[in-house]
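Each in structure tokens, the structures are laid out below.
One chain, chain A, links the two complexes that follow: it is found with chain B in the first and with chain C in the second.
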Partner chain A sequence: MTSVDEVKPVARRAAGPSPRTAHGPAGAAGPTAGRRVRSRRSGRWWTPWLFLAPALILFLYFKFIPMASALTMSFQDVQPYLGNRWVGGENYATVLSSDGFREAAWHTLVLAVGQTAGSMLLGLTLALLMEGQGRRISFVRSAAFLPVVVPIAVVAELWRIMYHPTEEGMLNSVLGLVGLGPSGFINDPDSSMVSIMLTGIWRGAPYDMMIFLAGLAGVDRGLYEAAKVDGASRLQRIRHVAVPGLRAVLSILFVLAAIRGLRVFTEVFLLTNGGPDGSTEVVMTVIYKLGLEQNRLGVAAAGAVLLFLATLVLTVSVHLFRRRGNA
Partner chain B sequence: MQRTRWIGAGFLASALALTSCTSGPAGADAKQDPKAQLELWTRTTPGGPGEKATLRLVTGFEKATGHKVKVTAIFDDFETKLQQRAAQRNLPDIVMNDVTQIGAMHSQGLLREIDLSKIENSGDLIEQGRDSGKGVDGKQYGIPYSAQTGALLIRKDWREKLKLDTPKSWDDLAAMAEAFTTRDPDGNGKKDTYGLAAPLSTKRGYASWYFSNFLWAAGGDFITETGKGTYKPAMASKESAEAVRWFRALNCERKVVQPGAVTMDTPPTNETFEAGRTGLFVVGPYLMPRFDTSLGKDKYEVVPMPEGPKDATVLAEGGAVYLMAGSENRTGQDAFAGYAISADGQRLGMQGEEGSTVQLPVNKTVDVAEVRPDPRWKTYAEVYRTSGRYAPSVPNWTPIRQASAETLNALMADCSLDADVELRELDEKLARILKEQGIAG
Partner chain C sequence: MSAPNETALGLTESRGVAGRVLKAVTYLLVLLVFAGPLLALLVGAFNHVKDPTQLSIVPNDPTLENFTVAFDQNVLTYLLNSFFVVGFGLLLQVAVSVLAGYALARKRFRGMSFAFVAILATLMLPEEILAIPLSVVLSDLPVIHVNLIGSLAGMIVPVGAWAFSILVMTEFMKEVPRELEEAARIDGAGDLRIFAQIILPMCRPALGVIGVFGFTMIWDQYLLPLLVATDSSSYTLPLALRTLRVDPLVTPGVVMAASLLALLPSIIVFLLFQRSFVHGLSSGALKG
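Presenting the complex of A and B:
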């Protein structure tokens, strides 16, 4: 869905930290100010808007208006035919006080942290293993990327089959070989969360791998060689050369993965729908149940706004954290 | 720069203005035109056999009455799309959808009241079918055109191999499930078969949906009516608790339910039955064509559910014709409802091998065997007439089904939970839901 579009700018940004710092604020101010004066003199003010108009109109109708109406709906009892009724914060109260919302928020957090950490770690490992130019390796890389391309519905069905809870189940028969008893996986309240996390990591890691690969391409090969000459071991080279070079990539990935983690829905919905015993209930499944299954769109909108705010806070704080780190 | 910023603000302001003008009071009654084309929405896969069957019914209606109908089949997000049309104040004239939607659609003001005296053939409706179209206020808001109910599917070859009789009581049923699980009915030497197939996921409330067949037969109930249109929760009652205990034992003690049931909705559960993993399944007649092909007609049999502690009540469901508010052709609406339940309409609706609009007829004068000679259909029709029971028409049944499905799912998944505590908590939840819907009493 987003893979190609997002990989490119990240790659550029990943390669970018050195030139950006080289410019510095003082050097940039002069030319920009000059250009602004020139544009005011020669160009008409609306020329840039004209060029932006097609995109802006699309955004307006397919993003901003729906977002604004979601916001209004979150304060209303939505009855399209009878007319929406203004109810103030009642929808928010319904969501926040509903059974299991806080539990679901906690589950979402756990799942987001686990999946983010897991897929970044696995993604980095895969990226380090598959870095390079060879033709064969690019084939392996494409193969490793497959889980991201496969529709999530197929992935969920696949894992459901693998998670079959008896000895004949695919993963259970592997566990049986090393003498571990059959696990209930998604069917056991104790192991369901970990199972979903594992599916998420399996799906998310290759995506992270691609972005890491792009980042690694921007790390100066000379630094590796210098470290090698200085007698750094392979692990030390990764720790002191590759990982610092990936700092920008890491923070971007972190934001992307965290947003993905907070919005997690499809795999949970398809694998367990929040069960067994509510052990995998996440914010989105609660919103879905409250809003769409029960047809209470105002309540669903309130839940979505809350989730949006959480994502916004997270993104902004990561951004601030990063900026402070750079300064 | 200043000016451009203003333009940005203008964009935003206009966006907000546009969104806020979508709400307003509902329009007055539409001007009537008895010749206007009727727009009909049906919840079935577009281009599928269900749509073709609806078109057949509609052609019959057009020929019989002269009204014109435009059919639109929608399956995914049907309710959401209906909401969109509601927001435009331009509802279709007729909607054919699940009978359980009546509460939700009525409370949203989408339905108009139906005067039964204006609906031809309404006197021929089977009573519980007719009553399923009543709202919580006792007025008629829907006309059921098709019914279905659950019966017990048994793997006949397994039963005969193990020399068992068809179950006459719940004890027989449990014993058969146990035999299917432990006595290798498929003779492959492996312990890979189970007794009862059960979709117990919380998705769309499947666990509660399936369990209704057992709960009501034990004399229990989700909610019981306390007066006219008021209800109180009943899941902690003696009968309900007993039903839960018995059903839970199937999974926790006897272990005769298919593994993974707690995360399965109907599609994977159906597969366990047709793949020869499970031998007993309580389902509606709509699965017979599928199992006839995948499993074979001779491999399984259809019998009524054995009597439980109280009786053999099973869940009845079906489709209803809803006459939508704001139509400019109410005469046409009434005529369509009348035709759909007429003997001709019902017979026409039952036609079609793969998909038909009518599963079991709701018209007393129509015998299912006239169109479908297969005796298994007769079994289903008998069960519906004698033991079919619909979910009550509360304003919104979904939260009740969801809440009870979650508790049941928990009890089936975690055998260490205390059932009495969980059921008491469920009752508290149900009490809140009933209060919220204004029908607590």
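Presenting the complex of A and C:
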């Protein structure tokens, strides 16, 4: 609320310039006249900056300064009270040569790929199944969307309970109905990774479904009709009409999901915290343990910078890929 | 013959018996998979069974005991902390977003693309990546030397600026016709008047969108409270769930009751503002 007070003086000053009566919408249409008028009536040059100030100051404090200090810390041996010592690339060498980190990077990659692919495939299937109008179908859609709004901590605790490893555990009794199990789920190194992936897909697929539905709504209805007249089967309609119409959505979802996947933390932290036997250790849980439990801030910062670079490379390359595809 | 309801799969239009059965089975399966676990949570929270990790569709012998135990474990304090954080966090976030959106949408100024790029860049800097330095920065904010560790303010101020909200607001504010603003300017209205009395009232749907998304985003926060909270007096409810779980005296039923309390506000907000939610989701993602 202080931000409103901050801009108050501007209003009085901005009201200063004499009101112009000469220009209407027609006058503003000409490029030169429009610019002159705009600069006059916009008040002082810093008026927009005052409106932007709260956002920029908060970003400076909680995004840019931390990023800058991550960079400097990553080249330092961080010692509270003793003063930091410049160590060059030592932290990066430590991180990159550590088996634990490399293994965690591999797990992260597997999890990101699995969750992204699983969520998108299931999301697309759901969207195709539940496209359309009607009260019943929109009820099912809303219900299917619920996992997205469930806080991640609740998702993790709920699935922890459902993954109870005994025969009477919730999911195990479902598995028992179809003659499978019991599985150790998150308690068994062989199935822990898949279990986390499943939980992630449960929460990610409905989100993707909604985006796909929005994309499908943009597909020209007439094309389906035309395809039908031409005798196309349902599968052909999906492959040749719906999916091409979803291309933009697909690449956006892919970037979003992949970035989310690379920095996965909370669900792993709460479901397994990297265990059993380090079978689900991901980059973020390693960084968290290094930085906040072992207080090796420099090494942890180096890991974070590497994670940032990975997401940056991914985003930029998808953008380049998209641009080339569009040209 | 035109069919405005034509879909890719054409499942909704299937009329035959086989089609109807297929449709019903599909919807049931979808409900079971995605809403089933939440139903299990609801049932488990009221269940009296000794081992609530077991599956049961209806509570056999419903009880409020899980909740009374949860309240004995200070769950009410955690819930109030959560409400405090989400209330003030959202207020700050919306205020910051509408102000920034106004400048970006209605003004042309030197350095505008710089500001825009800076805001977009923050999308690449999620708190996971910044966690370690952020905890250092929070313990001693540069220049003003304030320590936010251990205080609820440390969970509120960092979420105050969110690029998503600012961008949604900017897009919406661009749509307000210039003529309205020009007329007000001729009448001698300043920027703050125009912002508050013309632009803002026209953006009510956008306020709904950023309100709902902001609420969900802040309520879902986990890592930031984890970095900030030092003892249980500053725990938010999502953070407290883990502490409850590792307490050997607390049964899974109590964890489920507390989880249900952490879940309800977001479900209620979603159901009330579903339209804004879906609107923001599709427009935000598709513009990308």
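The rule we apply is simple: the second predicted complex is superposed on the first by the 264 of 327 C-alpha atoms of A that agree within 3 Å, B and C clash if a C-alpha of one lies under 4 Å from a C-alpha of the other, contacts with A are read in each partner's own complex, and residues count from 1 in each chain.
Please note the rule applied: a residue touches a chain if its C-beta (ideal position, glycine included) is under 8 Å from a C-beta of that chain, and two chains touch if they have at least 3 such contacts.
All values derive from a computational prediction rather than experimental measurement.
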Practice task
May I ask you to decide whether A:I211 touches chain B, chain C, both, or neither, giving the answer as first, second, both or neither?
Solution key: second
Practice task
Return first, second, both or neither, reflecting whether A:H164 touches chain B, chain C, both chains, or no partner chain.
Solution key: both
Exercise for the section: Give one of first, second, both or neither to describe whether A:M284 is in contact with chain B, with chain C, with both, or with none. Expected result: second
Problem - Which superposed partner A:D188 touches (first chain B, second chain C, both, neither) - result: first
Handout entry: First, second, both or neither for A:A226, with chain B first and chain C second
Key = neither
Practice task
Would you check which partner chain A:G275 touches, where first means chain B only, second means chain C only, and both and neither mean what they say?
Solution key: first
Exercise for the section: Decide which partner touches more residues of chain A, taking chain B and chain C as the two options. Expected result: C
Practice task
Could you tell me if A:I65 is touching chain B, chain C, both of them or neither one (first, second, both, neither)?
Solution key: both
Practice task
Classify the contacts of A:L121 with the two partner chains as first (chain B alone), second (chain C alone), both, or neither.
Solution key: neither
Practice task
Based on the superposed arrangement, let me know which partner A:L82 touches: chain B (first), chain C (second), both, or neither?
Solution key: first
Exercise for the section: Could you give the residue numbers on chain A that contact chain B in one complex and chain C in the other? Expected result: 45, 48-49, 56, 64-65, 69, 160, 164, 166, 168, 292, 297
Problem - Contact set on chain B toward chain A in their complex - result: 1, 3-4, 7, 11-12, 15-16, 18-20, 22-26, 79-80, 83-84, 86-87, 89, 91, 104, 108-110, 192, 201-204, 259-263, 265, 268, 325-326, 396, 398-399, 402-403, 406, 409-410, 412-414, 417, 429
Problem - Contacting residues of chain A [partner chain B, same complex] - result: 36, 45, 48-49, 56, 60, 64-65, 68-69, 72, 76, 78-84, 99, 160, 163-166, 168, 186-189, 269, 271-278, 289, 292-295, 297
Practice task
Provide the residue numbers of chain C that touch chain A in the complex, in ascending order.
Solution key: 2-13, 26-27, 30-31, 33-35, 37-38, 40-41, 44, 51-55, 91-92, 95-97, 99-100, 102-104, 107-112, 115, 118-119, 121-122, 124-126, 128-137, 141-142, 157-158, 160-161, 166, 178-179, 182, 185-193, 195, 216, 219-220, 222-223, 227, 238-239, 241-242, 245, 252, 255-256, 259, 262-263, 266-267, 269-271, 274, 277-278, 281-282, 285-286, 288
Handout entry: Touching residues on chain A, where the partner in the complex is chain C
Key = 1, 3-4, 7-8, 10-15, 19-21, 23-25, 28, 38, 41-43, 45, 47-49, 51-52, 54-56, 58-59, 61-67, 69-70, 73, 126, 128-134, 136-137, 140, 142-147, 149-154, 157-162, 164, 166, 168-170, 173-174, 202, 206-207, 210-211, 213-219, 221, 224-225, 228, 234, 237-238, 241-242, 248-249, 252-253, 256, 259, 263, 265-266, 270, 284, 287-288, 291-292, 297, 300-301, 304, 307-308, 311-312, 315
